């Protein structure tokens, strides 16, 4: 365990400090306005020119000076009317209270940037707010001037986010779609049979359901490609259908867990990387949803910045959505430090992001570039 | 490891079976329509009156009969044009193919109810769809005829779901609110300072932020109660404000991690249980959001059913929302089997649920019972 | 919400029931021995020949009959000395108490197999015990008679489980190792530089660390293959070194996030699947550690059973280790229902499994097939 | 999105820089030794006195200068023999390569302390190694000189960690045990019936199991207290039994989800806090296992430091064990920044920690203060 010495109170910064100020508690269990709220770090309070440490230190307490000149950390509820309570907000000694943060926080730079005692300092947390408004505005701007790359995992198709993804494609928000075989397989199974892995849009298992994704793959293999399956009417809705009919490029990268795979899938992963990279070098924004593998693959290929026409640099907006903090942290741990983490369900993310984009488009008087009917798949299955 | 004998193929159910049917693959890597898609269970195929097991069994494969009368499990991509592939969907032997599921699945009842090989059979999963439409309809019905009890954790206040919760209270959807000290503390900190645990509505830490929740508590303690703090104008918006002004009963149950606590908190947990139970006995619906402790406490107190006026029984709708499958499974593991799990972020859940309720109200021509302005707290802080 | 009618109490099974038995509480807050402990399901108690439902039903309560002949569900702590409390354990009506489980649990087969109110019924949970003794015995048996296939993710190398994995290879417990590029890259980085992704064995970042995995890959590419790198002395310890020196076959399957890749990696995923499958068809046990992708890929290829020499079938022991319930549930949701889930840290799993195997070998008087020195990498870095 | 200007290359630090050095690739797909490995940040390379940015920037690539004087970021596998590749390790411009890290990382202090591009920089991750050796040494030292406080959640009793916890109590490593009602209830159910929540030590549900914890509570209530139940022989093994017989103080804090509760439980949470705090003020080490609520409660009460006899300060060793990163991050987000997170299963943590403590005791020639038989509960149930 690291050890520390007390601060040197003969140093100039302390020499000019004044004694701490104390005020009486106005009632039992009630602290005076402006009371000093403790941290759990070593704390020194100047009383009659001497720097005292409180007894029984803890965070979220008040500092009470008793009649014997002893200083105690005390929970507010245990303070009695008239007790002398330290007041002040500054922790640098200038008001007679010094919190010795540097030494203790210095060796823990990631947790507490800036060497200050703080709450809610973690980088990625489901407890942090999600600003959909900002994301919607960035996405609309990147539709105008840039090339937003979407990278999606199959959870997007398992759930009803599929209809929302179609909406984003139809309305021009998708520069390119990077995904794996499973995304396309589930999406096409949904179009053909109204299920994903045999599960209906309401979450029920269907009879014989375990074979449906294999039947979907087989029909596309028979057609020769996804585009041909769309053209022949074998695939009539969904994400892949939208990409084909809207001319949005997609790259399907193979992985060893693939069933089939579909004929469009790059089975050689270096070829797949080259195909992805052709889009990554153009990307001005990346939206990574519900996929660790593809998100990290894309993050590896992306610069953290975009060079603007006038030569200025701006951060490449990178949004990573996952149900757990882990995937976002893992992405950052592999160098994609610029990723903004959204810890939520992919279905809900898509639904709310679309809502905010629609509102923002309305507010800007922008017409959507296309209209699509309400979700064609979901509770009722594909049609 | 459990051991099993082969089925007795002299039994009547097998005696009348016919030989399996085989059809040629129409092209390399393409299976005939109606191909049999394998499981990973012992499988027997009737060929010339004998029941053969395929070699190299695996799931998601086809069954190919070669020229030597051998049967192989083969991935579709490895099948050549003209190969003889088993066709059929039934797994009970009647079409000459029998999947020996019972023995293997019998000792694993939870995973595969009904003794059938299935995908997506798990009980709670972020991959399952969330039917907000159904939840909205139930909630509107329970507003009419019942008593929906909401049980909330502090994540609801950390994020912007706070404004949505206020909307549900204002519009009569909350029969009672059961929560802990932290929910009220964060909510009141947000009203007073625009922060929760010192974090702004956009997720930034604020200077001196670590003491703000203590200042909020102190001001309510000085006022005497939350109601008095509202009446004196010290709390001007938010969840507790809405409960007080709308007359919605709330129970704040203490826990050992509480700061303060606020004066309204039941510090004795048996008294808290009695206060909660007074609402649980009236509950006709329970919505448990982002809290393991309070959700399990409430689940323990709730019957799984409601007795209707005509004496019929209906299931007591119980929705449990959490970022991870674990809390929902834990709730079920403690007896609240009727809980429907929603694995998502609390903020997003509230936002979409409200959206669906608003749509459903519109569709039914129902006027909202109240109007509230757009989110009073969030990006901009409280005012 | 589903609705139900009350049971038909004129049915024979109820006709012969007797009245429930009641006994006085021996003290305030103390129930008589053998008290009936409630569930949250509709419950009927025979009192004077009539079947009554208790008021204010809940689980974990007692049933108290008051002086007015009313029946109440009451928490034990609220029962007073002398209160008449229902006793009995059976829930089928034969002792005068009937729990109406069927109707309510019928539509929830996965949660409560067997139609009985139960706690701890979930399939996969970190709260379930892990029987390392059983796993150790199976592993030793499969070393003798079978072909245990190990499928590992990179977490195994990030942490000190690397030394334990080497031990299992050295001692003959690994029939084949299936993994991805990252496992080999991290392992070889550890051998060459004492780091993984630039993190030391004690979790510290090292200067220039972000490039070390690229340097490791480059050196193996320069050597031509992992085997040649071992032979030239460029790789002197670790998992890949052990595979090469012990002649244990390995298959490294490429994925799109691969750096490099190493020259041994199958970059074509259908070729990779074929290579994996050559081991899967021989597998008699599968140990899947800290990898969703490879675990599902392997699960897809494995039958759920092994055919013994005498033709009998036994379950193919499949152990899936992950930090979260999600991966195990996902694997089961994709058909590998036989998987036994262990929710823990991969490093700790390896360490304890090895310990139990060592103990079991001792108990059986088996000599280890090899001796290795204590962990060659970990706190101290590679040597 | 934040915007940045290019560095000012007329500044002195750049004026003296030399041109970057390039070396030919020795073979196709093989880079020269000492190649510069890219990050995803803006990078400038000095070529003929001019600072060029590479085209198609990405991380983990090499920098190749082609015949036209253009600089490209290229994956190693795409480099051809003879290509001119930049070499160097320093990123500060002194070797002609400058990585513009400050601007981009400045506003992201938590992710990348020190303004350097790094991998594995996150604070809490299951991918980080766990140093049981260090923890064992600290624990042994604190047994000698200090007061280790253990704070445990019920997962410790659900699993076989119970026997290990008894070992730590018996051997003097537990200064005080702080827990909730559930820990004691499960532990005593295990002693009386061999189950926890009706689940056997091997994870099987038992008939009538859902009532067993209520029967256990009732028997202790009848005895009057846990101590009396131990003295009367109603509780014959386990954690609470060890505390009673070894004289280790315990504090059981009530919560609203409590069944019963047991007679020893503090039902008033302010009284519970005062009882906990009496131990917190003496604590020199804290071990927080599998409990968010109690861990945060304890963290709130603990200083981050211990004052030694000579007046020096040392960090108060605080270990937080949980299955997910979330609990540890939450604890840190509430001010307990000094917590060292161990992301693993509680059962495995206990088992390995004990193993390392036993080894360290042996190495130091210390006799254990007590001997206990092998696990008295687990596979075989209580005896």
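Which chain is which? They are A, B, C and D, in the order written, and residues in each are numbered from 1.
We adopt the following convention: contacts are C-beta pairs under 8 Å (C-beta built on N, C-alpha and C of every residue); 3 or more make two chains touch, one makes a residue touch a chain.
No experiment lies behind these values; they were computed from the predicted model shown.
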Practice problem: Look at all chain centres (mean of CA atoms) and spot the one farthest from the centre of subunit B. | Solution: D
Quiz item: Count the touching C-beta pairs: is B-D or A-D ahead?
Solution: A-D
Quiz item: Per the centroid of Cα atoms for each chain, what is the distance between subunit A and subunit D, given in Å?
Solution: 22
Self-check item: Geometric centre distance via CA averages, subunit D-subunit B, whole Å
Solution: 28
Exercise. List, in ascending order, every residue of subunit C touching at least 2 other chains.
Key: 39, 59-60, 77, 117, 119-121, 126-127, 197, 210, 259, 261, 270, 273, 300, 323-324, 326, 333-335
Self-check item: List of subunit C residues in touch with subunit B within their complex
Solution: 1-6, 39-42, 53, 56-60, 75, 77, 104-105, 108-114, 117, 119-123, 125-127, 138, 270, 273, 277, 280-281, 300-305, 307-308, 311-315, 317, 324-326, 329-330, 332-338
Practice problem: Spell out the part of subunit C that touches subunit A in their complex, as residue ranges. | Solution: 197, 210, 253-259, 261, 267-270, 272-273, 276, 292-294, 296-297, 300, 323-324, 326, 333-335
Quiz prompt | Residues of subunit D that touch subunit C when the two form their complex | solution = 26-27, 29-31, 35-37, 39, 59-60, 76-77, 89, 117-121, 126-131, 133, 155, 158-160, 196-199, 201-203, 205, 208-211, 213-215, 217-218, 221-222, 259-261, 323-324, 343-345, 347-349, 351-352, 355, 378-379
